[in-house]
Structure formats: structure tokens, C-alpha cells
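See the structures that follow.
Here come two complexes built around chain A, the first alongside chain B, the second alongside chain C.
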Partner chain A sequence: MKISILLIAVLSIASVSNAQKFFTKTGKINFDATAPKSPENIDGVNKNSICVIDSKTGELQFSVLMKGFEFERALMMEHFNENYVESDKFNKTTFKGNITNNESINYSKDGVYPAKVKGKLDMHGQTKDIETEGKIIIKAGKVQVTANFNAQFEDFKIAIPQLVADKVAKFAKINVDCTLDPLAK
Partner chain B sequence: MQHSKLYYIALLSMLLMADAAKAQDLLDLVDTDKPKKEVVKNAFKSIRVINGHSMEFLSPGTMDFRILHRFGQLNQPNNFGGLDQASMRLGFDFGLTRYLQFGVGRSTFKKEFDGYIKLAPIRQSTGTHAFPATIAFVGGMTLNTLPYADPTAHNYFTSRIAYYGQMIIGRKFSEGITLQVSPTIVHNNIVPLANQPNDVYAIGFGGRLKMNKRTAFTWDYYYLINGIQKDAANVPLNYNPLSIGVDIETGGHVFQLHVSNSAGMNERAFITETTGSWEKFDVRLGFNLSRIFQISHKK
Partner chain C sequence: MKRKKIIYRIIFIVVLLTIGVGLYAYNEYNRKNVDLADAKPAFVMSETELIKEFSQDQNASNKKYLGKIMELSGNIKKIDTDENGFHTIILGSSVNMNSVRCSIDSSFNKEAHDLVIGSSITIKGICTGFNADDLGLGSDVILNRSIAIKK
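What follows is the complex of A and B.
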């Protein structure tokens, strides 16, 4: 009898820990790689980024389909996929990391919490450690994640030919803005 | 006692299972989408292999401004390798949807206008409902605007018009290799010789071998099933057009540099009126310059 109570308790804990995960499939990630004197803007946005947070452990993961980036000009999108990130070979960029100050974030209380994130960015077949500061905004049971960081193309073996160096910068400013819902499972 | 032991084992295994679930990647919990249908793009860098249409389509809302040059024959003396003279075509091509494109052009050769519509019922794709090849159809016409050879005769406007129809079956086999076959019919409303057929059937072959991200080797050949004319001494008056070239992409432009035995730059001209012979080295240098403009912006 005692043991069956224990069993129920274990089961309910398990289900509670599931509810502590948040996710989205419509996260917004945009990048800007416009060189200082470029006549045109080199930027793109992906509105279908996947993001998952485990509020208990502070684990934070992103997955972005490279072909999902939208550009102002169709040719730019083609060149991005074919010549720079080689989307047919490396279709996804992922980030797997942790919120290092997770204990200071109260996911059940509305508020704006500064968050430090550390993890590995895997893009174009290369993995690089990334550390940045962002914000976690809790509002009405939803978790909004915002962050900015730079990625150097050299680190990811993305070659920018001399011919376009006056337009395309050596790094991309990456801007993350995702609103996550509780993961019901 | 027996029972509680069983319970403990059950409990232990459940805990282990919970642990295993935790070790699983977080993303696997949500990233369960199957790959969507996706059209295979960049089979060629441009909408023309060299002379003939390629299996590639313009992106919707873009315009391709094309400047084509064909220089004089390389084997002519005192002609700076043919560069002293040039024939050209200006073209504007528009992408309407991923499956529909049209274009117009004007050539100096015979002061000819041309226009076409290109439609792909099926494009090569991956993911769900994938298809291994692109099947496209092209319908076009050309209009000669030279003065009538004999203005005193009763001339018909329709005699200046020719039509062509083409089917393109192409496949991008890998990032580096693309091949296509294009059965074509060209109909001339009027032909200069009495024994010359009005309908010329040809099969086009085209391909690309990508050398690196920005350059590719291309070739384009049309085999004429009928329509090769011969003079009294059985010497051919026209030949199958063969062009060999290199595509260079510079970011904003695509340059297609090539050597060809054909001077014509529309289907009627290069299929039925290629007078140069590769054997006699009657070949010319030429280039296509393509610049794509975004004309409609999606917001």
C-alpha cells in the first residue's frame, strides 16, 4: 500500500517536471551581415526557429532550418543557401547550451530576468562555444527569450570572397526573439 | 515480502527509464516534423544553359536582364579573333511563380524579336512527394523585322514569323552535375529553299559540371533530326549547334563565356541557322551577361 502511494508520487513528480519545459516552433531569429559602407542591407529572418527550454535544469536549445531564412531579394536567399551556408549540406544550425544563472529565474512569476547563456553553436559543420547575455521575460505563463550576439564567419568556415567584401561583413549580428509556450506532454 | 520486492524492481526500472528520457535531447521532444517538399534549385546558374533554355526558373518577382554577344569567327584573318564584329541580343525575362516564367528579346541578327512562355508542371523536388526530375515546356515565337527582300512582291506578315515548342527534362544529379534533354520543334512559316522543311525537329542536350561554388563548366548541343541542308556538292549549309562554356558568378552577375559555332541567340536562329562548322573551326567567342533585379517585394 505504502509503495503504491510512492509510485503515484513518483509518477506525479515526473509529470510536473514535464510541464517545466517550454517550447516554440515559431521563434524569430534574424541576422545582419551588412558591411559598414554597403549600399544594400544584407539581412535575413527566420520565423520558424525551434526553441526549447527546460526550466528545471536551465537547458536551452535552438534549431534553425537554414532554408527558412527569408530575404528582401530572392537572389540573396539563393546565394545565402548555395554559396555561403551551403544549406543542402548543412541544413540546420543548432545551439545547445545552458542558462548559467538559471536558479535566479522564477518561471512561475511574471518579470524580466537577465540570463547568462553558455553553449555550443553548430553551424556550417563547425562547432563554436558561444557565451552571451540575454533576457528571459515571464508573462502569463509564457517565456520570452531575447538575446544578441555576433558570429564570426571565419569561425564557421563561411568564406566571404573579396568581391563582395564591401557588402558582406566579416561577422553576423544575430538577434534572437522567441516566445515559448509550456510543453504539454 | 515477495510482492514488495517486485514493487521495488518496478520502481527501480521506472526511475531508470525516467533517467533515460532525460538524457534524450530536448530538441527531439518537439522537432518531429518530417522534411517538407522542397524544390531543387540552382540546377544551373542561369535560365539558359548557353543558348537553349535550362531547367532552371527565375524566382518569383525577379527580372533577369540579359545582354548576349556573339563575336565573329575565330578563324577569320585580320579580325582580332572575331572581336572586331559582334552580334547581340538584349533580353528581359520575368519570373511569375516558381513554375512559370516568360521573356522577350531582340537580336541584331535579322533584327528579330522573340518571346516565350516557360511552364513547369513538375519540378525536381525532395521531401514528401519528391520527384526526381524537372519537366518543363516552352512555347515561343520569333518575328523578323528586316525590310522585305522584294518590297514590290505581295509580302505576307506571317512569313516573318517562326514558332518553337520545347520540352525540357532535366535533373540535378548532385551539387556538381546537372543534365537535361530537350526535344524541340521549330516551325518556320517560310523557308528560303524549296526543298527545306518548314518543321525542324531537334533534340537538345545540355549539362553543367560545377567546378567550385562560383564557376561551372557548361555545354549545350542540339542534334537536328531533319533540316540539315546540303548544296549541290553535298556540302552542308548548316550544322548542329554546339556551345561549350564557363559560367562565372560574381555575386550580382552571372557571366557565361563560351565558344560556339552558332551566331543566333534565339531558338529559330541557333537551331535552324547555324552555319559554322566545328570541323573547320568556324567558331566564335561569345558571352551572356545576366543580372537579376528584384521587382516585386514581399513584405
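What follows is the complex of A and C.
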């Protein structure tokens, strides 16, 4: 009797922590393209990025609506949308990749795991291979993903006019911070 | 004498113009995002109508709605709160995977706390885009900087 209760308890816990897929629709991605000597910050944040991780295969996907970036200044937002990323034409940026050291991450045990990610970033109609290191933090059944990497504007055919070259850097520092919930089947 | 007067006038006009252009540039540079509480919506409709349009023709709907101020009525299906305390109100019905996700403006975050799931609401926000159901999570229309309005 006792054993069967124990068994049920163990099984139910196991089934909770064994969710294979994790997702969020409120992931945060922000970028900073401030040139070293710029008097003002050129940055924006997107608070409704989609992120999905398959814990079995290590597959990782992001989908970000370009119009969802928020800026402090309205003018900056308009320039960002109209001149740089052309969000009317290219309204979504996606990343599809893999956690290459997925086997060393135990998704059912709390902890901080370094993660290596490799994949393709599709932005502004251009696709580019990205390789970066980040962290996967497992806590109470949730998966937090953090990573930083740089995206060179040149690689994505985003032209920065000479006029603002002293303010806008040649690349954007991209900062990912998403907390994923297990996907209920 | 007459010549001097003309020169003074020209200088005066040039100074006035410089100040005008300067002021315009300054204001333009410091312009904040539109305050949605006072802004007039470009479209007034129900949440289901908007999702239907986006699901039927994404490209046409993108052209029509992106960046526009929307006033949507619907039922609160769920309220998501992230670790920083930001709320997202999800409009839709529980039988349907599709929904409108309204990311709440920080100015309205406190009030959003008291909203009741299942109640009907009218929300004003900026249409940010559509995530089709390509990851098996249901498709969503996203509204940014949303606030609830009283009818």
C-alpha cells in the first residue's frame, strides 16, 4: 500500500518534470546599438518574443515581431521600423538552432547550466549562422534561457547612414532573457 | 538708411527661422510615444473579428493593421505576469487556441492587477503583429502598450 502511494507520488512528480517541450510567449529580447561615443542610448526591448525548446533534442527556436520593439523616443522607433529593419517588409526575425551540449543539461534538476547554441538567424531578409554561449537555468520546473551575442548590421544588409554613424554602432548587442514553462500536452 | 533697415529685417527673419527650425528639431527629437489614453483608435472591433481576419489573410491584415491603434473588445482568458511584474492580458475563449495577447503598458500595470479572468473588457493598444500557429502553440495577434478603457 505504502509502496504504491510512493510509486504514484514519484510517477506524478516525474511526469511533471519530464515535460519535453518548454515555451514562452513573453520572452524578453533587447538590443543595444549605442556607438562608443554616442551621447544617447540606442536601445529597444521586445517583451513578447516566442521561444520554444525541445529538451530531448536540444532544438531551440525564437520568433520575434520587429514592430514589437519598444523605444523611449518615438522618433527612434520610427527610424528603426522604417529605415533600418524595414518592419513592413520583414516583420519577423527568427532564430532556429540547437543546443550543442544538450546532453549535459538536466532539465529535471534545478541548476545553472552553461549552454552552447548554434543556429541560423533570419533577419531583414538575410540568414546568418550564429554561434554563442549562454546559460540555461532550471528552477522549479521552469527553464530560463539567457544569452548575449552580437549581430553585425552589415551581415543583415542594414545600412546605417553616415549622419548617425557616431551614434549608432556597426553591430547590435543582443540580449536574450526568456523564462519558459513546460508545454502541457 | 533704407538699406540698413532691409539688412536688419533679413537678420531678424533668419534668426526667427533658426529658432523655429531648432525648436521643431528639438521637439521632434524628444517626442514621446503617443499617449494611448487620449489617442483615437483607427479600428474598433471585437477580438474574434481581428483574429479571423489575420488567420484568413496574414499579408493583407499586416498591411491594414500593423502599427495602428486598435480598440478591441473581448473576454479575458488569462493574465500572464512575468518575473518583473509586467502583465499580459490574453483575450479569447478557453475553447479556442487562438487569442489576442495584449502586453500591458507600464502606466496601466497596477490596474491590470485587479482584472478578473472571464470578465469582458475593452482594450486599446498598438497592433504589433501576428504569430501564426507554426510552433503548435496557437496563433496570436499581439497588441503592445495596451491599456484597458472603461465604456
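Throughout what follows, the second predicted complex is superposed on the first by the 167 of 185 C-alpha atoms of A that agree within 3 Å, B and C clash if a C-alpha of one lies under 4 Å from a C-alpha of the other, contacts with A are read in each partner's own complex, and residues count from 1 in each chain.
Note that a contact is a pair of C-beta atoms (placed from the backbone, for glycine too) under 8 Å apart; a residue touches a chain by one contact, two chains touch by 3 or more.
Because the structure is a prediction, the values reported are computed rather than measured.
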item: Partners on chain A (chain B, chain C) - clash or fit; value: clash
item: Which of chain B and chain C A:75 touches, first, second, both or neither; value: both
item: Partner chain in contact with A:128 - chain B first, chain C second, else both or neither; value: neither
item: Touched partner set for A:25, first chain B, second chain C, both or neither; value: both
item: Chain B versus chain C as contact partner of A:163, first or second or both or neither; value: first
item: Partner chain(s) touched by A:52 [first = chain B, second = chain C, both, neither]; value: both
item: Chain B versus chain C as contact partner of A:88, first or second or both or neither; value: both
item: Which superposed partner A:63 touches (first chain B, second chain C, both, neither); value: both
item: Which superposed partner A:179 touches (first chain B, second chain C, both, neither); value: second
item: Chain B or chain C, by number of chain A residues touched; value: B
item: Superposition clash, chain B versus chain C, among 5-13, 41-49 or 59-67; value: 59-67
item: Interface residues of chain A shared between complexes with chain B and chain C; value: 23, 25, 50, 52, 61, 63, 67, 72-75, 77, 81, 88, 183
item: Residue numbers on chain A that touch chain B, as the complex places them; value: 3-4, 6-7, 10, 14, 21, 23, 25, 50, 52-54, 59, 61, 63, 67, 72-75, 77-79, 81-83, 88-89, 94, 96, 161, 163-164, 167, 183, 185
item: Residue ranges of chain C in contact with chain A within the complex; value: 28-34, 62-63, 66-67, 80, 82-83, 86, 88, 101, 103, 128-129, 131, 134-135, 137, 140, 142, 144-145
item: Residues of chain A defined as touching chain C within the complex; value: 23, 25-26, 28, 47-48, 50, 52, 61, 63, 65-68, 70-75, 77, 81, 87-88, 91-92, 179, 183
item: Residues on chain B engaged by chain A in the complex (per definition of touch); value: 4, 7-8, 10-11, 14-15, 18, 25-27, 29-31, 38, 41-42, 59-62, 95, 175, 213-214, 249-251, 292, 294, 297
